[in-house]
Amino acid sequence: MKLFPENQDFDGPFPQLNRRLRLGIAGGGRIAATQAMAARMSDHWEVVAGALSSDPENAKARAAGFRIAPDRAYASFEEMAEGEARHPEGVDAVMITTPNHLHHAAAKAFLNAGIDVLCDKPLTNEMSEAEDLIGLAETSGCVFGVSYVMSCFPMIRQARQIVAEGGLGRINQIHVEFLQDWMTPDEVADAPHVKWRLDPSKTGKTSCVGDIGTHAAHLAQFVSGLTLTDLRAEFHVCGAPKPVEDTFFAWTRHTGEVPGTLMATRLAPGNRGGLRLRIFGSEGGIEWDLEKAEQLRFNRFGEADRIISRGHGHGVSPSVERLVRTARGFPEGIIEAWGNLYTEFAMAVVARKDGVGIPEGWLGLPTVAHGADGVRFIEATVRSNEAGGEWVRL
Amino acid sequence: MKLFPENQDFDGPFPQLNRRLRLGIAGGGRIAATQAMAARMSDHWEVVAGALSSDPENAKARAAGFRIAPDRAYASFEEMAEGEARHPEGVDAVMITTPNHLHHAAAKAFLNAGIDVLCDKPLTNEMSEAEDLIGLAETSGCVFGVSYVMSCFPMIRQARQIVAEGGLGRINQIHVEFLQDWMTPDEVADAPHVKWRLDPSKTGKTSCVGDIGTHAAHLAQFVSGLTLTDLRAEFHVCGAPKPVEDTFFAWTRHTGEVPGTLMATRLAPGNRGGLRLRIFGSEGGIEWDLEKAEQLRFNRFGEADRIISRGHGHGVSPSVERLVRTARGFPEGIIEAWGNLYTEFAMAVVARKDGVGIPEGWLGLPTVAHGADGVRFIEATVRSNEAGGEWVRL
Amino acid sequence: MKLFPENQDFDGPFPQLNRRLRLGIAGGGRIAATQAMAARMSDHWEVVAGALSSDPENAKARAAGFRIAPDRAYASFEEMAEGEARHPEGVDAVMITTPNHLHHAAAKAFLNAGIDVLCDKPLTNEMSEAEDLIGLAETSGCVFGVSYVMSCFPMIRQARQIVAEGGLGRINQIHVEFLQDWMTPDEVADAPHVKWRLDPSKTGKTSCVGDIGTHAAHLAQFVSGLTLTDLRAEFHVCGAPKPVEDTFFAWTRHTGEVPGTLMATRLAPGNRGGLRLRIFGSEGGIEWDLEKAEQLRFNRFGEADRIISRGHGHGVSPSVERLVRTARGFPEGIIEAWGNLYTEFAMAVVARKDGVGIPEGWLGLPTVAHGADGVRFIEATVRSNEAGGEWVRL
Amino acid sequence: MKLFPENQDFDGPFPQLNRRLRLGIAGGGRIAATQAMAARMSDHWEVVAGALSSDPENAKARAAGFRIAPDRAYASFEEMAEGEARHPEGVDAVMITTPNHLHHAAAKAFLNAGIDVLCDKPLTNEMSEAEDLIGLAETSGCVFGVSYVMSCFPMIRQARQIVAEGGLGRINQIHVEFLQDWMTPDEVADAPHVKWRLDPSKTGKTSCVGDIGTHAAHLAQFVSGLTLTDLRAEFHVCGAPKPVEDTFFAWTRHTGEVPGTLMATRLAPGNRGGLRLRIFGSEGGIEWDLEKAEQLRFNRFGEADRIISRGHGHGVSPSVERLVRTARGFPEGIIEAWGNLYTEFAMAVVARKDGVGIPEGWLGLPTVAHGADGVRFIEATVRSNEAGGEWVRL
């Protein structure tokens, strides 16, 4: 049994898995469409089933949008889990792209049916639910990925490798921010795809923290290799009144008392995908910006600045080249990062099912444990904010 | 019969076609892999057949790389055209991604079998062949797209619209260049995927002109709306000796005697996807760079500079939003541009087969006529260069 | 009596004052050299006297470096104040560029002698000294400028004007940071020009806050027009052990409870003049970066981004054009910003001496009051840091 | 006799000359004001005399704008040359900033009087005049600088050094362009400071070539070290009808048949100081842009891109640090580049007068020979354009 075919002389970006896996969708808004694009692009997945609405007719109509046959369009996660588990060509795995408050129930249903899961972040709205899922993942033996997609950009992997190799020396500071502007106008709060994000019964105790802050927190830890151990945070509602924060600031401590800052907002006109990571060490620094995701700034103190561009060679590590689809200068974007996530998810799924090993260092897929870390982060910001910005331990 | 399904409440980036079309591959190197990714991503295509080697065993092995079944892996275009034409679920269309000298034979085989074609540029190595294909496209009634993919970036469509709406006033100058660096080291000429590009029997009379110069020439005309009517060109071999040029410079005239420059090289260290278009008019200018494809600079004389970012609103025209997959700031890349090309190709194929109309302004797909323009451009540069850089008319 | 000559048909960037003023230097390291360059460039000043060392011989030698005659080279501020006050062509004003702990004594000596003063920031190391100087400025009637030079960049003035005109709507957030990297290597602490900056008896209770943080704090208030009212801060020593902080983070509140962040460090490899200001409002945002000081990003939500470039027209306000020396695209730098500071200082000095008025809106020169605000800011950060990062009111 | 004072412990950017030199101005519009600012900033010059108008009253009024005493304000170059030559404290040198057609007469008058000259480019409107000035410079023994100021940017000096040290390997291509936009509106041709630039009796046979094209041509040669030997050029009038070109394109050959392109225009909306130099070699490339003059891109094929920033260390060569005034990240601009030109001019003047030597490699000042090269370049473009764009030898 092997992970990849023998005679692969095709000069493609990724080794091909021996078969295309079957994917189901639990949820199904915009983000599901993006992920489905990426899954197809990766060539490791085929979307074949979905639970896209609790109304059976609507579920079928929406399923058609993903080219899912009507008999694979379910009106509940439970039905889907059950139906697919006994289907001779049932799904190998599902993506969970519901509003946050449904993640736990959906994941539970699929894990119980022995179906691997890739769940959107934040993993859950409650820490207890997150812990429950960790337990279920363990007992079921299923693969459980969490879609911290930002960690799948090749230049983020490059950054992680530079840090791991000591390219920055001792890490002194970690700064990360995620600025967007789409919530700037007051009226946007009423848009259908925004409404649930501002409703605490669905989005959880936070909106901005859970949605984009958690990306920032994960990225900082993923690249630095240093766990976020403590923080103090304050929440703000900068725009129209709303029951959850639209902006927050935090100070952080990572393993070894390394200090940092973290900030996110959706009311920063002129910023869209303003996710920016900066790590400064005793010998060098790195800077990365989602809006310029193809480049990584790497500065060794005392030398000229370096800009590493995604591609082959020219400063890109061989282990990162595995994630490269097009030549340097022919830009890739976030759908390709999603594609990397779906490739690594597929590798994990195949490895489990076929009992094969994955080469050392090939798998960067964030797991349910990282998802739980994210929930812990969110809860810590809430506790700190409620305590007037006191330090809290994660 | 309709182009798109009735009940499409799915909030995706593109209206979905009523069925997924079947795609074949004639050729099958790196560029085929990229196009296949994009075709799958677009969700309008499924790769089902291919002629990827003249050796039957190799053809099957390579087909496996595209998940093509062995019985749809052919060892010649003619076999494939014949086999697919009579297959009950034969391909709707083929992409032709062979070395240049085989484009004509391949396209001819498929057109004769009534199969729609999307052919790589340059269309052919000889003008006579290009004209032959124009004729065949007409008599067969088949759709014939040519893969000038750069014209499918949303911000290029935006640029074209700004020009068309008079945003630049009267056009005064058109400058375009395409700089790469991968041929800088002498030894690269011996790499397998490079060899044919330097062999005139395969690449044609030019290498750099036909491969990247023709992209530049198409883009300049696509955005400006002004035909390239005259040019003078000189060819250079800047790096290791080779039988074709690796660099060329041109002066151009577009409709109305509008002057311009055009240049391309593969020996410009530090440049990869250095395709840069600049159009200057009596009231404004636009600038676009493939390496920063998400932004379009638009300068109205007398005002602050404007930067339009791909996405929805914020200066993006509604007609361009149709090509947008992810939110502003969440970058797209060239695979998405390829995806746009495959979407428009699919629209054209469905429209032909199902006899439905395509909404005004929806189709930017370059056709066999644009392909022939490209061959005419290449031949003009050859003639001019041979005549010591004299002006020649296209 | 008029501020400017009648028959000024010379098409220069600045109206010329009727005479060149005489400038003295109290201090005299690198920063004095930069300021002297700028003062000469402005054409409103001539350096004629200095107290550059307490050793008489050394004082003369260093004076020669500024082309100061030996008989105008003094060995103490008091001597200089006295000597110049009774000199028939004594200095009109002095720049004070000593280490921080000497600012108060030097300023006092000159104010007492009726000599106008332009003092480096931070104004003093103690709030009581700052208040003393406010009193002395009032009783002496002298002009007292403080060298917050960043506020003299044309694009900063433009930013201030945009905010004042309501271009951002209601201000929601104010973020400012100043990142440098020169203190990254441990051994730099021993360099002669660095030593005093790490010695609390000279630099005061802070190093990074007083030196660069105070620039950031002034700029945020200067552009936003909103006073910094509260903050919480924490200090860090990121590099080699030292008795003062080399890094600090703060959260801020400005008039009307507008939240913000402020951060500065000298251990951010790859950053040099990383002073970056971002103000976000309900309708738009502005962003400015010292390393790209010629451009101002101005984003109106819902429109294409705008980049305003220093120069004449093209979005630059007429009131800002007064500070423009070279045409758009022919870059100016920080010496020109210093030149603007020296021009405005000269205008204030001439206005006082000759009893003439300065046109409304012409004078942006920071004063002793702004200097005292800076000391208050520094003291607040110290108090907050000592209290474990508690909120303190300025 | 020494060039610099003994006891210079002052830590300034430049060794100081033993005395401040006396400068005269022949001409006196905007560009004279800029140069006077720079000369003062350099601290090596004092403006003391001028011939700024042929009308005696106006000459005095304009002189006042430069703080020149009325008795040193002349109404002709000849008067000025004569008056200053016999003045006990007469000028050491003059800057010539008249319209082009007066350069020759002015320079001749001063050289004949033994006064050193720094003349604006283009040196003259006729080659014969340029040769005459070469002869006069030789016979008079005077210093004759020509103000190709772009060659005085530190990062241009760095680029030259990289090339000289072989950092690019064998040079393959040289591309340079100078794009501006201020002549875009038709009505600008009537502005007083523009009129003479479009009048062939004053500006010479070209306008855009002589004014900005010649900067581009000089820079390409200065950095590459390769003489421009041949070119073909075509002139365009892109905007309102005018008797001289506002745009031109050229192909070039440098020593060793190295090919290149050169282009300049004043009708490129969105470009102001768009002087961009790119040199590509067998091992690396460099790119520099006047609008980002503080950075030099240096790409070694196969490595990460490098960005060298003006300042001390971090990739800046010690020989270039001599031209650095402010720390990395605290931007310098073109007035500082002018300052460097005036420093090097002062060094040359002092060296001649005092018979001292200048250290090897310290003097980059362009001379009358470079000025004549510029005239030869202009004449070549005219000849080529008139011959329909034929190749002409310089």
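The letters A, B, C and D name the chains in turn, as written, and every chain counts its residues from 1.
By definition in this document, contacts are C-beta pairs under 8 Å (C-beta built on N, C-alpha and C of every residue); 3 or more make two chains touch, one makes a residue touch a chain.
Everything numeric in this text was worked out from a predicted model, so none of it was measured.
Chains touching both subunit C and subunit D: A, B.
Using CA-based centroids throughout, the chain positioned farthest away from subunit C is B.
Averaging C-alpha coordinates per chain places the centre of subunit A 55 Å away from that of subunit D. In this assembly, the C-alpha centroid of subunit B lies 44 Å from the C-alpha centroid of subunit D.
Centroid to centroid, with C-alpha atoms defining each point, subunit A and subunit B lie 33 Å apart. Contacts with at least two other chains are made by residues 271, 302, 305, 309 of subunit B. Residues of subunit A that touch subunit B in their complex: 5, 7-13, 16, 20, 28-30, 33-34, 36-38, 40-41, 43, 58, 61-62, 64-67, 180, 182, 193, 271-274, 290-291, 293-294, 309, 311, 325-336, 339. Contact residues of subunit C toward subunit B in the complex are 298, 302-309, 313-315. Subunit C makes touch with subunit A in their complex at residues 168, 172-173, 175, 181, 184-185, 232, 234, 236, 238-239, 247, 249, 251, 259, 261, 263, 265, 267-271, 278, 280-285, 287, 297, 299-302, 305, 389.
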